[in-house]
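Presented below are the structures under discussion, each in the form of structure tokens.
Each of the next two complexes has chain A plus one other chain: chain B in the first, chain C in the second.
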Partner chain A sequence: MTLPGLAFRNLRRNLFRVVLTVIGVAVAILAFVSLRTLVWAWTSGGEWAAKDRVVTRHKVTFVMTLPLRYYEEVKQAPHVKLATFANWFGGKDPNHDKEFFSTLAVESKTYFDVYPEMSVPAEQLAKWQENRKGAIVGDVLAKKLGWKLGDRVVIQSGIYAGDWQFDIDGIYTATAKSVDRSTLVFHWKYLNESLPDRAKDQVGWIVSRVDASGHAADTGVAIDKIFDEKDTQTLSQDERSFNTSFLAAFSAILKAIDVISVVILLIMLLILGNTIAMGVRERTNEYGVLRAIGFLPRHIALFILFEAMFLGMLGGALGLAMAYPFVNLGMGRWLEENMGSFFPYFHVEPSIAAMGFALAVILAGAAALLPANQAARLKVVDALRRVA
Partner chain B sequence: MIPIRYNIRSLAVRKTTTLATALGIALVVFVVASSLMLVTGIKKTMGTTGHKDIALVMRKGSDAELGSVVEEPSIGIILAAPGVSKTAKPAGVGEIVVVAAMEKIGAEGVTNVQMRGVTDDVLQFRPEVRIVDGRPAQPGTDEVIVGKQIRGRFKGVELGQSFDVKKNRPAKVVGIFEAGGSSYESEVWVDRETLRSAFGREGIVSSVRVKLESPASFDAFQLGIEADKRMGLMAQREVTYYEKQSEGTSILVAAIGTLIAFFVSVGAMIGAMITMYAAVANRQREIGTLRALGFSRRSILGSFLLESMTLALVGGLVGTVAAMGMGFVRFSMMNFASWSEIVFSFDPTPGILGFALVFAGGMGLVGGFFPALRAARVSPVAAMRA
Partner chain C sequence: MVDEVAGSADERSAPSYRAKAEPTGEAMIKLRNIYKTYVRGEESIKVLEDLSLDIPKGSYEALMGPSGSGKSTLLNLIAGLDRPTSGTIEINGRRTEALGESALAKWRADTIGFVFQSYNLLPVLTAVENVELPLLLTKVPSGDRRKRAQTALRVVGLEDRMNHYPRQLSGGQEQRVSIARAIVNDPTIIVADEPTGDLDRQAADDILRLLEKLNTEMKKTILMVTHDPAAAERATIIRRLDKGRLK
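Here is the complex of A and B:
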């Protein structure tokens, strides 16, 4: 019989209380892991960004367009291997008008070469190139809205008036985790020819692939220099910076979620501390006996600490066991389908799971420090005197 | 008969445990009350922005002023439509709305700030807007006035400072305005012609607002505007527009808040349960004595429920008071609908504070129910022997 072994078996003495505590800790860990995954999924879009792509947009705001002739000049910039452009169409399906998804008018010949992780079967791509009203949609979007190959769909836009008809010529799948599988892509020419002269020949942003990822930053600077003295300036960033720059807008929510994660850990600490203190108080007499037969103060302290850490481990394990199905199958699936543009990939990351478990164990230990210290310091005589 | 004083004083005896549980409940109540306050704050900001007697005209199908385009000649036709006030001066304004990326102070990166190109008579059209610092901008110049919620939050957006609207187009901040807590307070107001030339919006505006004779005149106005299909415009009440704008954001906050509230309240209830079970277990003899004295099972049940609810209410009170403090915090967020940043505040309404206390009591009730049941089942003879 070892000290840890004894500590573990002691848990069985008040099984009911131990079970309640373990459930409490498990719920706290479940909440913690869910929130951290939410923050991680939201902010780490930048982690998977391609290192060899540079996004060039209007310097004042992403919402304003660049003249088409800028595209020709970007293509000529040093280190630019290939370039494409896209416009935000702002479309929605009038039959499902609460569903948000991206709709983009793109440069037909080059878009899928710049974004090879959007994978389209060759015959579908060829058909799309032939059809000026053609559209290629993500597989998640097609499933959600019930679209199949060959369907004719109507899209309305918040920016461009009228009903726009498209034929679903292709469905793309993703070869990388970070790809938004809920986008509708169509020909920029089709958009442009329908606009009044005043609004023609405008592109939303230009994406270039550089010949080596080390050159991304320099290429961006070089591109901006071309347009610096012109009427409209550009801002070129590598794809990762581009993605993370959107996060500043949400910094307040992310900070609030961080605060709440700490609150959850505090609540967990309180539950654990309460249970451990109760247990220690009840067994003061026994600790006195243990000391009387020769155990040292540090043995008592370790005894209490081990018991607490086992509680933490059990709670952490149960919490993770609940978190995996909840996040991966429940919340994750719902978010990927309904907010796929923001959360293309929502699963429990091993590092977050490990952090949750470790925190449960560490905080349990921390909660036990004070009671353990007090119990160890108690004089044997006083301990034996305590009845309850 | 419930031995109230016995229960209340029992709480005081076991101070540490009582405090720990009450603190847990206080934290939960704080989180729940704060998220409710934020949702209310969002609705209030967007709600006060709209007036019942103002109609907003945009291009048909546009979700937001940002994406809408109205040709300038249409402004005259809109102002002549039925239902427009004949006495208000001005009867309506046509404004240009753009967003500009500006650097935040104190956080990494840039966010979009909404800029409104306004006419000279904008302050007459919106009487609720007052200049609280500085002075109004001179028409036709590069001077701008800035809403009080964004002052000092972005580089160059403070009285006397200037920032670049576009390269080599600096704008000088000459005044700070207040607009009754509405979303205008998160905007920069620029002279319309200045904005027009800086952003190439010749001959068009984003939206037109008109003052109606009365809120009831809206239907006639809407018919008049939408009847002319060539113009391709749509009219809605300003209130309706702003309600829709806040929907996406408030739903997101409400969803996250509900998820969190659910988890933390379960955690706190488990904490309360543990405490009350331990209390019941340790006071077997006392309970037995009370039963022997003649207190009925129902009184014991009631008394322990009371004890647990008191415990929860103490925590709830602390949490509610702390949440009221959030009323001083400003929370800035991206509003998806307008693609620009809006500053919201936490709105501590009496309704929310009342709900928070009731919620705390509820947690005490649910958490304490089973322990109280166990206490009620104690047999006096067995208890006194223990």
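Here is the complex of A and C:
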């Protein structure tokens, strides 16, 4: 028998209460881990962004387009070794109009070279490049909507009128977590030739790859300088900044989630504090006995802290055991399939799991501080007189 | 035989002597001019008043008196659980009232064995683990701790109940475990606060016989607070307290 062992044994004293508390902590940790994963999955696009990609868009907003000729000029900018462009199409499948997915009209010769993490089998890519009406879709989207290679699908756009027919020529998979596996890409030329003259030759944004990641910022400045004196000015950012500026629009939601996370932790603190305080109160007489036979106030405080931290460990471990299947197989799978543009990869990160577990243990310790201090400060004779 | 107890000073109380054990005559516990006052709000309650007392080594003393007479307070002061408002307590030549908190706790662990009225065993520990508890504070290796705890349980006749939890024991057995816990550190003094208060006559007799055995065979000095005259009869010396003074 050891001192920590004795603290652990004390947990068996009121099993019903301990089980309820552990479940309470576990549910709090489940909620905390789910929310932190939500924030992480939402914001990690910036972290995962390629360091050697520069995104150039209209200076005012990414909703406004750039003239196609800018693409040629960007390609000539220093350190740019490759560039492509894309337009937001805003398409949806009329047979599944509740399903949201990204549809992009892209420069077909270069797009998959600039985004090598979108992996398309060579023969499918070759076939697509030969087919003006061809489309390549993510594997998650294909599975969800039941699309197979060779299928002809009809897409409608909220921006461009009419029914747009596409042949599914390829299905891409992802070699990086950042890739949205629910996107449909097709030839920009197909879009462009279908537009009236006044709307032709416009691109949504240009993406360049530079020869070294250290040149991304300088290259962005250099590109913007090229267009400084022109009618349409640009804003070039490395991909991380671009993603971050997109997320800035949702900063209020992210802050709200942060606040809710803190509230959850506070609730957990109160649950633990209540259980620990009740246990300490019931056992005051025993602490008196321990003090009488020679235990010091610090031993009593440590007993209580150890016991609380064991409680936190049990709750944290159970919370994580619940969070992994809930997030990875339930909530995460649903979000990846249905909101892949925002959450291309929604899984519990080990760092978030570790943080959840550590917080359960630390907060349990914090919740025990006051009762432990009070128990340690009790006079022996007063503690011995106390009847639970 | 009647024992001579050191006590020539006028202020020392005159105890009732019983003819049982044989104290050495040497005063092991010396209390001088002890006052103990509790303050509750604006009210001061004098519990002990100018109490002086010598207790010889190896004696078995019973403290009797009505409720509120101060006997438990006196026991707590001798055991180092509480401190006097004024006065000195010298035990084995050491002034315990002047010790710091940690030193006093260590002194208690080394010198005093406690037996409480309601046994006060930890319900989550088995009998042998309860007895082992005081040894956790020592440097005794864990294997030896267990052996010493088992030996102590053998002394109290509970070798066949070592792995039972308190809820699986009778009141008398629980009190015997508590006595085993009190002697496992081999203390020189055992203080027992109403050790038979919660027991039936038969179990109480067993406990009193055990305390006698500890006094006569293991030479422990025993101080027992009791309301029970039959229990007090078993002690060598009976002291009576009333309104904070020894009679």
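Criterion: the second predicted complex is superposed on the first by the 388 of 388 C-alpha atoms of A that agree within 3 Å, B and C clash if a C-alpha of one lies under 4 Å from a C-alpha of the other, contacts with A are read in each partner's own complex, and residues count from 1 in each chain.
Operating definition for what follows: contacts are C-beta pairs under 8 Å (C-beta built on N, C-alpha and C of every residue); 3 or more make two chains touch, one makes a residue touch a chain.
Owing to the predicted nature of the structure, the values given are computational and were not obtained by experimental measurement.
**Student:** For A:V19, is the partner it touches chain B (first), chain C (second), both, or none of the two (neither)?
**Tutor:** neither
**Student:** Just to be sure I read the superposition right, which of the two partners does A:V381 touch: chain B = first, chain C = second, or both, or neither?
**Tutor:** A:V381 sits against chain C, while chain B stays out of touch.
**Student:** Check the residue A:L195 against both partner chains and state whether it touches chain B (first), chain C (second), both, or neither.
**Tutor:** neither
**Student:** May I ask you to decide whether A:L6 touches chain B, chain C, both, or neither, giving the answer as first, second, both or neither?
**Tutor:** Second partner only, chain C.
**Student:** Thinking of the overlay built on chain A, is A:L296 touched by chain B (first), by chain C (second), by both, or by neither?
**Tutor:** Second partner only, chain C.
**Student:** Counting only touches as set out at the top, which of chain B and chain C does A:I271 meet: first, second, both, neither?
**Tutor:** Only chain B; A:I271 stays clear of chain C.
**Student:** Mind sorting out which residues of chain A both chain B and chain C touch, each in its own complex?
**Tutor:** Chain A residues touching both partners: none found.
**Student:** Tell me, which parts of chain C touch chain A in their complex?
**Tutor:** 76, 79, 81-82, 101-102, 105-106, 108-110, 114, 116, 120, 122-125, 129, 132-134, 136-137, 142, 145, 181
**Student:** Please give the residue numbers of chain B that touch chain A in the complex, ascending.
**Tutor:** 16-17, 20-21, 23-24, 27-28, 30-31, 59-64, 66-67, 98-101, 104, 107-112, 165-167, 199, 203, 232, 253, 256, 259-260, 263-264, 266-268, 270-271, 273-275, 277-278, 282, 331-334, 339, 341
**Student:** Considering only the defined contacts, which chain A positions touch chain C in the complex?
**Tutor:** Residues 1-3, 6, 9-10, 12-13, 285-286, 289-297, 299, 379-381, 384 of chain A touch chain C in their complex.
**Student:** How about chain A: which of its residues touch chain B in the complex?
**Tutor:** Touching chain B: residues 16-17, 20-21, 23-24, 27-28, 30-31, 34-35, 38, 59-64, 90, 156-159, 161-162, 198, 233, 244-245, 247-253, 256-257, 260, 263-264, 266-268, 270-271, 273-275, 277-278, 388 of chain A.
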